[in-house]
Amino acid sequence: MSASKGLLTLGESMGIFVADGIGPLEHARGFTLGVAGAESNVAIGVARLGGSATWLGRLGPDSTGTLIEARLKAFGVRVLAVRDTAHTGLMIRYQRSGQFIQADYHRAGSAGSRLTPADVPRDEIRQAGILHVTGITPALGDTCRAAVFHAVEEARAAGVPVSVDVNYRGKLWSRADAAPVLRDLVGRADIVFAGPDEAAIFVDSGDALDGLAKLGPSEVVVKDGARGCTALIDGERLSVPALPVTAIDPVGAGDAFVAGYLADRLAGAGAGERLRTAIASGAFAVTVPGDCEGLPDRAELAALTGGDINR
Amino acid sequence: MSASKGLLTLGESMGIFVADGIGPLEHARGFTLGVAGAESNVAIGVARLGGSATWLGRLGPDSTGTLIEARLKAFGVRVLAVRDTAHTGLMIRYQRSGQFIQADYHRAGSAGSRLTPADVPRDEIRQAGILHVTGITPALGDTCRAAVFHAVEEARAAGVPVSVDVNYRGKLWSRADAAPVLRDLVGRADIVFAGPDEAAIFVDSGDALDGLAKLGPSEVVVKDGARGCTALIDGERLSVPALPVTAIDPVGAGDAFVAGYLADRLAGAGAGERLRTAIASGAFAVTVPGDCEGLPDRAELAALTGGDINR
Amino acid sequence: MSASKGLLTLGESMGIFVADGIGPLEHARGFTLGVAGAESNVAIGVARLGGSATWLGRLGPDSTGTLIEARLKAFGVRVLAVRDTAHTGLMIRYQRSGQFIQADYHRAGSAGSRLTPADVPRDEIRQAGILHVTGITPALGDTCRAAVFHAVEEARAAGVPVSVDVNYRGKLWSRADAAPVLRDLVGRADIVFAGPDEAAIFVDSGDALDGLAKLGPSEVVVKDGARGCTALIDGERLSVPALPVTAIDPVGAGDAFVAGYLADRLAGAGAGERLRTAIASGAFAVTVPGDCEGLPDRAELAALTGGDINR
Amino acid sequence: MSASKGLLTLGESMGIFVADGIGPLEHARGFTLGVAGAESNVAIGVARLGGSATWLGRLGPDSTGTLIEARLKAFGVRVLAVRDTAHTGLMIRYQRSGQFIQADYHRAGSAGSRLTPADVPRDEIRQAGILHVTGITPALGDTCRAAVFHAVEEARAAGVPVSVDVNYRGKLWSRADAAPVLRDLVGRADIVFAGPDEAAIFVDSGDALDGLAKLGPSEVVVKDGARGCTALIDGERLSVPALPVTAIDPVGAGDAFVAGYLADRLAGAGAGERLRTAIASGAFAVTVPGDCEGLPDRAELAALTGGDINR
Amino acid sequence: MSASKGLLTLGESMGIFVADGIGPLEHARGFTLGVAGAESNVAIGVARLGGSATWLGRLGPDSTGTLIEARLKAFGVRVLAVRDTAHTGLMIRYQRSGQFIQADYHRAGSAGSRLTPADVPRDEIRQAGILHVTGITPALGDTCRAAVFHAVEEARAAGVPVSVDVNYRGKLWSRADAAPVLRDLVGRADIVFAGPDEAAIFVDSGDALDGLAKLGPSEVVVKDGARGCTALIDGERLSVPALPVTAIDPVGAGDAFVAGYLADRLAGAGAGERLRTAIASGAFAVTVPGDCEGLPDRAELAALTGGDINR
Amino acid sequence: MSASKGLLTLGESMGIFVADGIGPLEHARGFTLGVAGAESNVAIGVARLGGSATWLGRLGPDSTGTLIEARLKAFGVRVLAVRDTAHTGLMIRYQRSGQFIQADYHRAGSAGSRLTPADVPRDEIRQAGILHVTGITPALGDTCRAAVFHAVEEARAAGVPVSVDVNYRGKLWSRADAAPVLRDLVGRADIVFAGPDEAAIFVDSGDALDGLAKLGPSEVVVKDGARGCTALIDGERLSVPALPVTAIDPVGAGDAFVAGYLADRLAGAGAGERLRTAIASGAFAVTVPGDCEGLPDRAELAALTGGDINR
C-alpha cells in the first residue's frame, strides 16, 4: 500500500446545534451550528494529520447540506455528496449540568439515511488506500445497510483493506438486532476498532482481542478511554497507556483515535507507532470542546507528546 | 358569546433556529432557538391582548418539545400537549441578504404532523369562545387533516364560531391539491382570513370578498399587507388602511393581524374596531424581528396608534 | 395532607444581571437578566419536581416585573403578583475571579420590600399544602415582617404546615437584630432548615438539631454543604451524606435542597426519602451555573443518583 | 475667559443596562452595561472635542460606581466622586420595536440623588471656565436642588458663566411642580438650552427666544431636532439648519449638541461657530447607537461636515 | 477559450477583524475574523457562480494564514499559497457611525507584500482561462510589482487573456506615483475595470471608455455604483443600469461586479450577459454585510433579478 | 524615597485579539480586543494597588493606539504616548486546547518598536519613585535598546531606583544574542526579577540569588510559579511560598507579581511585606482570565489572603 493512497469513508453527516453554556435548553442564550458524523470526523482527522481523505454520503437540498460540504472542504476533505430531496438530519446538543450532556436526534427520514449501494462508485473504492465504515450506518435503514456491505465487498474484491469501527448506538437499535449485523460486518474487516462494551457484543467470555481476531480481522484494537488501548495486530499483542490530560469534552475522542491509527497506517507506520498516534490524537481531542474541532495536526500531536508548549 | 370565553386553536408548533445577522448560513456566528407555528402565534397574540387562549398539538419526547411548552406558558397560553415518540419538527431561518429570508424545514415525520382526531377533546371545543384553525395543518398528513375537520365539525355542532386562516403553503402541497381541501374548510367557517393570492384559489374572477362569502363565512377578511385590509362582515363592507410603519421583519404579521381581530371579537368589540386592532397588531409585528416577539399588548397598541411614544 | 395540595410561598424576587465570564465588572462583555429570590427558587424547584407551587410577592410597574412573572409561569409556578408603584429590585452578580463571586444589591425601596399583611389572601393559605417562608423577608422592612408573621399565623390557624428556611443575610441586618425575630419565626414553624452557622444564632451550645427542635419545629434539617445533612424528624435522627459532584456554582443549592425536601413531603414521601431527594436536588444544582437554572426534574435526579448518564 | 479653563458639571450618573436587539425585555439575549447621565454626557462630549471637563457627583459603594468612574476617566473626564453608602442608580433600556424605546428607572433612593451643597468645592467652581447644570438634578430631591442652586450662586459670585440645559423630565416631576424651580434656575443662568416644548414651560406666548432671554440669560439656544436650532446670543439672532443624516438612535443627541456649543465657547469660538459645532455634534450622535458612544471628536466632526468619508 | 478553464489571480489576502455593532472601536463588544483581499474576493465570486478559480499569494507562518487557506477552500477556491516567515497582514474594520466605516491597516512588512516573480508558476498561467490582477499589488513593494508584471507577460505570451481591476488605493501610494505604473499595467490588459475616478488617472478629458480603450484593452468596463455601468467591448458600446436594492454594506461590491463579469466570460457568455451578471452580482453584494459573504451563487442572482423571493 | 512618588515604565503595548472559547482559530466565534504589554501591565497593577504609575511608549496613528491610551487611563495609569506613523502592533491569542495557548505576533515594524532615547523626558525620570524596564524592549530594535539604556542611565544619575524584569522572550532573540545585553541591563539595576530559567542565562552554576546579586542589584527576586519565590534583599535571604489557588490563566501572573512588589516598595513597605504582596497579587492574577483583568486591588488581596470571601 502506497502512502499516497487515501482514506475513503461513507456514512451520515448531520448538522448539529450545540448550545452555549451549561443548563436547560430553554435557557440557552445561543447555539452554534457544526457538523456531526463519526465517519466524517475520521476523514477530517486523517486530513489534519496529513493524509488524503474522501467522505461519501447523502445530503439534503438545504443550507445545512451546503454547510456540511463547505466545512469538510475547509478541513481538506474531498467530498462525494449525493444530493437528496429529503432534508439533512439535525442534532441538538446541550450540557444540562456539569455531569450530563444531552443529545436530541432529529434524523428520522433524513437524506443521510437514504444512502444506497448505487451511490458508491466502484472506481473510488478501487483507488482507495483504506475503506472505513462504522456500525452506525447499517442501523439507519435497509438501503444504508446494503450500501455498507456492498462497499465492503467491493473493497475486498479489489484488495483494499477494510476498517470497521463498531460504534454500537443503543438509540438506533437493540443489541439483539445489532449483534448479527455487526458480527457479519466485523467478519469482513481487516481492521476493527471496539470499546470493551462493544467487544462484549461479539465475545461472550475470554479475551476480547482474541475473540475479535477469531471473527477475521488481522488488526484488532480495543480502545478503553482513560485506560489506554490494547491491540492484536498481525498476531502481535500491544498496549499503549493513556496520556494524562484533563478531559474537557469526551465527544469525538473515539473518532480521533481511529483517525490517528488510520492516518499512520496510510503513511506506512508500524503497529506501535499507529497506536501511539491514535492514543495521542484521542487525548488531544478530549481537551477541546466539540466533535471535529479537537482533531489535531502533526505539530499539535508533537507538542502534546513532547511537552513542547508553544507560548 | 361571553367575553370570558377563550380561543382554542390546534396545529403544529416547531422549534426554529434563527441565525444572527445577515449572510450565508455557513457564516452565521450563532443562532437562537424559538417557537414557530401560525396557530401558536395567534394564541400568543390573543393572550397578550388580554384574552384567554389554548393551544393544542403534538410535541416530541425531546427538549425542543419542553421548550415550546414552557415558552407558550410564559406568554400566558394554556397548553394541551400530546407527547409523541416522533421528534419535534425544526426549522432553520436565516437572512441571506437584505432582500431574502431563507427558511429550511426539517419537519417530515415530526410529532406535530401526527395529530389525530382523538387528540381533540370534545369538552375543550364546546367550552371555547372561538375555534381557530389554518390551512397549514391539513397539508401535514391525513390524520392532521382529519383532526382539523373533526374539530371544526364539533365546534359547529356546539355552536362555537369557527375561524380559518387560509395560509396556503406552496412548499407543502400544490395549489391543485390544496384547492378542494381548503375550499371545503372555508365552507365550514364562520370567519375566514385570506391574502389576495389565497383568495384567488377560491375565487376565479370578481370580487374576492363576495366570492369568499358565497362559500359560507359570514365574516370575510382580506389582509393585503401595506395596502391595509378589506372585509365583508355580516353583510357590511369595511376597509381599514395600513399604518405607516417601517417594516423590519414581515414574518408573523399575518398571525398578529388574525390575533388582533379574534381577541377583539372574543371581547365583544364591533367589526370596525376588530379590524382596526387587527391592522395595528399586524403593523406592530412588522416593526419587531421574530415571529412571536412582535405580538403587542394593549398598551403597545395604544402607543402605536396614539403616537404616544414612551420615552 | 394530600399530595394534590401545593406549596405556597411569599417573598421578594428581583431581576438579576449576571455578567458573562470572569473578571472585573468593567470588563464584562455582556450580561443576562434572570430571576433571583430564595422563595421563588423553592417554588420553581417544587414545580420542576412535579409538585404544584404558588409564589406571592410585589413587583414593580416595570418590564423586570413582567419578566419575573413570565419566567415563573414558564417554570410552571402559579404567580400571585401585587403590582406596586415602586420599581422592582435589582441585583448585579459577577465573578471577580475563580475564587470570588461578587453581588451588588440595588433593592432599597423596591416593590418587593413593600409587601404587607393585606397582600396575603386567607383562602390561598388555607388551601395550601405547605406555607414556606424565609428569614430574608422579615429583614426587608416592617410591613414585610408583619406579612410573614401574619401568613404564618393564618397557616397555623388553618392547620397548614409552616416551613422556614432561616437564610440569615448579614448584608441586610446584624445578627443581634436578626436573632429575636428569627427565633420567633422558627418557634412558629413545623419544618425548619438551617446551616450550621445559622443554627448557632439560636443554639449557643450543644447539639444544633436538639436546640432547634426545642424551639418548636417537629422537623429540623441542618444542611451542611459538602458534608451532607442531618435531621431530627418527628423525634428520629437521620443523616444523609453529600453526593460526590464537581461544584460549578454554589448559588441556589440551598434552595434546591429545600425544594427537594418539600416536594417529596407534599407527595407524601417518608423522612429518609425527603432528605435523599433534598441532597440530590442540591447536588444537581451546584453542577449548573445560575440560581434557578440548576433546579432538576425527577428524571435528572434519577440520572444523578443512578449513574445513568444520558448520552 | 481663557481657553485653558474647563467645564465643571454636576449631577447624577447611573449604570444603564441596554438590551441587545429589538423586542420584549423577556426575549433579550443579553445586555451591555454603560453610563447614563445628561451631565456626564456633556462632560464626555467636551473632552472628546478637546476641552477639559470635570464631572462631580455621588456614586454608590458598588461596582457600578467604580465602572462609572473608570469609564469617565477613559473618555478623558476628570472625576470628583463622592462615595455614598446608598447604591448607584440603574436604568434598563430596551427597544420594544422599531418605533419604541422603553426605559425603566431603578433610581429611587440612589447615591446620586443624595448630592448636597457641601459636596461642591468652592475652589473647583472658581477655577472653572463654565459651570453646567441641568433641570434633572433639582427634581431628584431637596438636597440635590440645594446643591445645584448653591453651585450656581458660587459661580455667579466668582464670575464663572452658568449654563443650564432645561431637560424637563415628566417621569420625575409634574410641569406644575417643575415650572417655578426651573424658571428660578434659568433666571440665574448666562447660557440656556431648551427644546420648543421646554421653552413653553416659561413662555406662554410669543417668541421662545425673546421669552427666555427676558428671564435673564444672554445666550439662549432652542434646539429643535430635525429642524436645526435658533439662538439669541448677546442680542443677535442666529439659526442653523440640521444636517441631513439618517438617525439611528436619538438618545444623547441633545447632550451632544450642548457639548458642542460649550466646547467651542470654552475654546473662544464665536456664536455662529458654536452653533454649527453644536448642530454637527448632535447630528453625529444620532447616527450612533448609545448615549455617549456617539459623541464625536474634531476629526469626526470635520468628516461629517466636509463629506470627507474616511475609507 | 473553453468554459472548463478557470480564473487565476494573485495578490495579498489579509485577516480582517470586523467589530460588532456601530460606535468607537473602544466600545466594540467583539469582533469576527474574516478574509480580506480584492483578488481572493474575485476568486470566491467566480467559484460561487460555478466557475473554477485559483488564488495565489504569500501567507505567514501563523494561524491567520491557515485560516485564510481554509476559508478559501471552503468557498471552493483552489489555493496556491507560498508560506513566508513574515506574519500575515491584518486589518481592523469598524463602523464609527451610520455614516462612516473606518479601516486600519496593519500590513506593513507582511508576508503578502513579499510576493516575487518566482512565486508564479509558468504552468499555472498557461493553463488558466483568464489571469486577473489588480492595481493594489504593484503598490505593495518592488517584488510584488515585478510579480504582477511577470505574470501578465507570461499570460500574454501564452495567449491567456489578462484582466486588470485598477483599484487605486490612496493609502498605499500617491496618484503621481501610481499613474505611470497603472497605465503600464492597463496597457498590457485585455480587460480593464475602473471607476470614474480611477479612469480619470489615465484619461485627462473626453470619454473614459474611449480613453481606456486607446491604452490597449479590447474590453473596457466602467462601474459607477448606483448609476450602473458602461462598457466598450470589442468596439461595441453597452450600458446596464443599476438594480434597485437597499445598500447595507458597499464593501466588496466592486469585486462582486468583476467576479460576475469574469465568471460569465469564462462560461462563454456574450458581452451584454456578462455585464448584466456583473451588475446583479454587485447589487447582491451590497445587500449583505461583509466582503465575501455577499458574493452570490446563480440561484441567488436569479432570485434577485427575477423577483423570485424564496419564502 | 517618598510614598507619593510613582512608578515610571516604558515599553511596547499592543492590541491583543483574544479568541472566545477553546479550539482552532478558524472556529473561534468571536474575539475581544484588549491591551497587552508587560510594562503597561505592571503600571496597571501598581495603580490598582493604590500607587501612581506612568507608562511611556509609542502608539500608531490608528484606533488601536487610541484604545490602548483610553484603557490605561481607565485603570488610572498616566500615559505619555508618542504617536508614530507606523501602525500599533497586534497579537492574536487563542486557546487551541485545554493544554495549549497559542499566540501569534503581528508586531514587526510596529510603532512601539520605534521608541528612541529622545522619547524619554529627563524630568519624568527624575521625578519618578522607581524606573521599571523589561528585557523585552531591548529585543525590539536598536533604538528601543538605546532608549532603555538611556532611561536607566538617567535614573541612576538622578538616584532613582531601577527595576528590571528579565522577561527573556525566545521568539524575539536567541539566548546567545540576549545574554550580553540582559547581563548589561541587570548590572545597572537596583531591583531585578527573574524566573529560574532566566536566572540561568546569567548564572552558570551555584545559587541563582547570589549569582544575580553579584551582577549588581541589591534586591534580587526569583519568582518560581507554583513554588513561590525566593529573594536576596539588602543581603537578607527571604522566601515566600505560593498561595493555593486554582489556576485559570497563567498569562500576566509575572507582571502582577512585579506590580505587587513595586507598589509596596513605593508605599514604603518592608521586604517581607513586598514579597507577600507580590505572591498574593500573582496568585490572584492566575485565577482570572486575561492579562490585565486579573490585577487585584487592595481589597481583593485582603480577601484572597484573609479568606474573607465576599458573598
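Just so it is clear, A, B, C, D, E and F label the chains in written order, and each chain counts residues from 1 on its own.
Here is the rule we go by: a contact is a pair of C-beta atoms (placed from the backbone, for glycine too) under 8 Å apart; a residue touches a chain by one contact, two chains touch by 3 or more.
Bear in mind the structure is a predicted one, so any value in this text is a computation, not a measurement.
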Check your understanding: Any chains in contact with both chain A and chain F?
Key -> B, C, D, E
Study note, to complete from the structure: Contacts shared by chain D with chain E include exactly A, B, C, F
Review point. With residue numbers as the basis of comparison, which of the pairs E-F, D-E or C-D duplicates the interface of A-F in over half of its contact pairs?
Key: D-E
Review point. Quick one: which chain's Cα centre is the longest way from chain D's?
Key: A
Revision key, fill the gap. In terms of CA centroids, furthest away from chain E sits chain C
**Study point:** Separation of mean Cα positions, chain E and chain A [Å, integer]
**Key:** 40
Revision key, fill the gap. Whole-Å distance, C-alpha centre of chain A to that of chain D, is 63
Revision key, fill the gap. Within chain A, the set of residues that touch 2 or more other chains is 24, 26, 29-30, 32, 70-71, 74, 102
Revision key, fill the gap. Given the complex, residues on chain C that touch chain D span 15, 17, 20, 24-26, 28-33, 62-64, 66-67, 70-71, 86-90, 92, 94, 102, 104-106, 108-109
Check your understanding: Tell me, which parts of chain A touch chain E in their complex?
Key -> 70-71, 73-76
Review point. Can you list the residues on chain B that touch chain D in the complex?
Key: 32, 74, 245-246, 248, 284, 287-290, 293-294, 296, 300, 303-304, 309-311
Review point. Once bound in the complex, which stretches of chain E touch chain C?
Key: 29-30
Revision key, fill the gap. Residue positions on chain F within touch of chain A in the complex are 21-24, 26-27, 29, 96-103
